[in-house]
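A, B, C and D label the chains in the order they appear, each numbered from 1.
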Amino acid sequence: MPWNRDQLAQRAARELHDGFYVNLGIGIPTLVANYIPADMKVVLQSENGMLGMGPFPYEGEEDPDLINAGKQTVTELPISSYFSSADSFAMIRGGHIDLSILGAMEVSEDGDLANWMVPGKMVKGMGGAMDLVAGVKRVVVVMEHTAKNGAPKFKRKCELPLTGANVVDMIITDLAVFAREDRATRFKLIELAPDVTLEEVRAKTTAKFD
Amino acid sequence: MPWNRDQLAQRAARELHDGFYVNLGIGIPTLVANYIPADMKVVLQSENGMLGMGPFPYEGEEDPDLINAGKQTVTELPISSYFSSADSFAMIRGGHIDLSILGAMEVSEDGDLANWMVPGKMVKGMGGAMDLVAGVKRVVVVMEHTAKNGAPKFKRKCELPLTGANVVDMIITDLAVFAREDRATRFKLIELAPDVTLEEVRAKTTAKFD
Amino acid sequence: MAGASKVFATAKAALEGVVFDGMTVMSGGFGLCGIPENLILALRDSGVRELTVISNNAGVDGQGLGLLLETRQIRKMISSYVGENREFERQYLAGELMLEFNPQGTLAERIRAGGAGIYGFYTKTGAGTVVAEGKESRVVDGHTYILETGLTADVALVKAWKGDTEGNLVYRKTARNFNPMMATAGRVTIAEVEQLVQPGELNPDCIHTPGIFVQRIIQGEKYVKAIEQRTVRKRSAA
Amino acid sequence: MAGASKVFATAKAALEGVVFDGMTVMSGGFGLCGIPENLILALRDSGVRELTVISNNAGVDGQGLGLLLETRQIRKMISSYVGENREFERQYLAGELMLEFNPQGTLAERIRAGGAGIYGFYTKTGAGTVVAEGKESRVVDGHTYILETGLTADVALVKAWKGDTEGNLVYRKTARNFNPMMATAGRVTIAEVEQLVQPGELNPDCIHTPGIFVQRIIQGEKYVKAIEQRTVRKRSAA
């Protein structure tokens, strides 16, 4: 039985460690915040210029000057600080963020990531995604194992334009988890969703993995 | 009669304009602050990280956290702001300061400036001088016309290591003032100190000037 | 102390004499957060055309820079993300609008570099992607870096929370975003603030933009401060 | 929320396990203003040797980094100005100490670049001087720019006015100087503060160094805060 969205977020949350500074992408990655263990300290960075992002505000307490990178209203914590976008991306590019959890359209067996554009469709822009994958210490992708038409998303080479080359450290799909020790080694299948077989994963994956 | 230190500072102060942001070097340039006309607004920048530098504090009111680039105690004004050294030199390098008034050991006829090192003597370092001459819109040098041994300081070529190449716009010495319209044209003698003759200046200058 | 005042009465007055057809404009903000609302309106009303606009986003339909898209005053955008804008999409797909995408951090750093007198810088961001195409690169210790150059503008429009008559600015929360760098990169920088105060009222240790970067300042007439994604949580029943 | 505490009881404890012979250390401050007094003392007492120290200045005799010169723990300085220091001069002229001069703004920017993941940047500063020797350069629009590279350190020692237990820092007046960039460029950054406070006590819009950059923090035991040039004016008789 494939993992659902919340289970994916829950699985991704297991990659968090005490004391981590983390940037969460839009979509399922945002849900990871709901699964931070109560006894663990994780500080969320929002690339528009905030460290120590709090939960959504109570109704009526929304502040238009306080949003996250998804332009959603959020709140402040006692530990929060604000800074400019230049300082925010200096933080990201400089390798100060421990972990980034992002969505993906395609990941290649070499760890290339494509998640920002589909040629021929209207292109909205890469936002901060290229900076995040280039700068954050560890990049975890959370995605459906296959596209809506059934095509594998973890493949030999990305066909879509890249967000970054050789930048992914772990891939969590609804069927399985792949990880590699460093960016010179191959991905290894380390977990299967309940009742999902290796054969099924192999059939739906064109990337080579161990 | 050659100008004395205060007269030099006074002459240099005539290069100030209303609304100018100015960086003053150590020595005679510092004295220029005493001759800012009362009806003129000039904001002083200190490259260690302050805009809107005030006068020396009253005795007993010195603050060790409030010094200028010469490490002298200074004061704050209502217009003051503080920033990091990176931001300070971004301000300088980015061409936001209107005028810098500096001392010099030598200036060449091409506007090269040498004011930071004498080979064979202990070298203290360039501090912010190279950044200032490279970044500030207009650079005015205030210096004695000749060295203590009588050697000309405004010369064909600098013999000392440069602080910057083709960076000087005006030279104010105790004998004369030289200026040029831009950094592609030659210096022109525009003033003589009282009772100083063109012949004397020519005799004590090896630089070509108009 | 005299000095020509930096304070202008209206956004319209603040733009006079410094805007022209074909100019490059920087406009602060992230989404609709921290955008110079009043100055954008005045820029639209000035009627200047063929603008190159450097801004992280392009507003939404009918708000922010979306207003200048409706009137077709923008020829080219330099941005990192332009979603949520149908008129943008229409003009772009019709070939009426040019678009240069920059990664968000690269865009922020290019603007900082422009204001800081840095010709260019080497960054890993975008290496191996279309962003690297046509750019110089170098490999250091196995990492590929691409050369990105500084950006400046004829006019930078920024929005702060408070500002004093000297042009010192303080931003509020995430409305800071691109405003501080843009303030440094405009040949003329015009700031609008919610509260215009006197010198001495801002804490000099907490001024985000020193007055040297601001040539003109206005107190904005009114602020909509629209929210794009109103997300809330329920109060748990007590 | 748990998280290993960043707070250490003493300067000595804060250095344990992160200092070693031959390491590169950044040390904040301009002259004696804003220097990490307590951490420098503890670094001296740790006995580590063969240090490369990146600091705008080298202290004065008997104060600041002058203490590490006396004990011959420094092998090399990267600075912009080292006057006012006889022991420095003696060691340097005797060939016992290496010295690399950087223009002050270039030094500040190199440290910022190191912390910001920028491999290098092109600056006009130093073009046509000895600083440019051996460096790449390029001419753009008639201006010569030289390539300067980012700097990082094994440990950065910084001094702030206030800091909270999360490592958020606020500097005071011109004691800010090199501290904020160095905080970003240390693989381990240790901050000492005059006042250690709880989260929530600092204004989040006015935090100069976000806590992410600070791995360890102490409240300094005592502060001398020496003045190098005590300059005053007379009160005019009333």
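Operating definition for what follows: a contact is a pair of C-beta atoms (placed from the backbone, for glycine too) under 8 Å apart; a residue touches a chain by one contact, two chains touch by 3 or more.
Nothing here was measured: the structure is a model prediction, and the numbers come from that model.
Looking at chain A and chain C, the chains in contact with each of them are D. Counting C-beta pairs in contact across B-D and across A-D gives the higher total for B-D.
Chain centres here are C-alpha means, and the one lying farthest from chain A is B. Taking each chain's centre as the average of its CA atoms, chain B and chain D sit 28 Å apart. Averaged C-alpha coordinates put the centre of chain A at 54 Å from the centre of chain B. With centres defined as mean CA coordinates, chain D is found 35 Å away from chain A. Per-chain Cα centroids separate chain C from chain D by 32 Å. Among all residues of chain C, those that touch two or more other chains are 109, 112, 116-118, 123-124, 171-173, 176, 204-205.
Counting only residues that touch two or more partner chains, chain B has 76, 82-83, 89-90, 92-93, 134-135. Contacts between chains, counted with the stated touch criterion, involve the pairs A-C, A-D, B-C, B-D, C-D. Those residues of chain B lying in contact with chain C across their complex are 18-19, 21, 39-41, 43, 45, 51-52, 76-83, 89-97, 134-135. By the touch rule above, chain D contacts chain B in their complex via residues 30-34, 56, 79-83, 89, 92-93, 101, 103-106, 108-109, 111-112, 123-131, 161, 171-181, 208, 225-235. Taken together, the chain C residues at the contact with chain D in this complex read 109, 113, 116-124, 138, 140, 143, 145, 170-173, 176, 203-206. Interface residues of chain D facing chain A in the complex, by the touch rule stated above, are 1-4, 112, 114-118, 164, 166, 168, 184, 198-200, 202, 204-205, 207, 210-213. On the chain A side of its complex with chain C, the touching residues are 46-50, 55-59, 61-68, 70-74, 76, 82-86, 88-90, 92-93, 112, 122-131, 134-135, 161-166.
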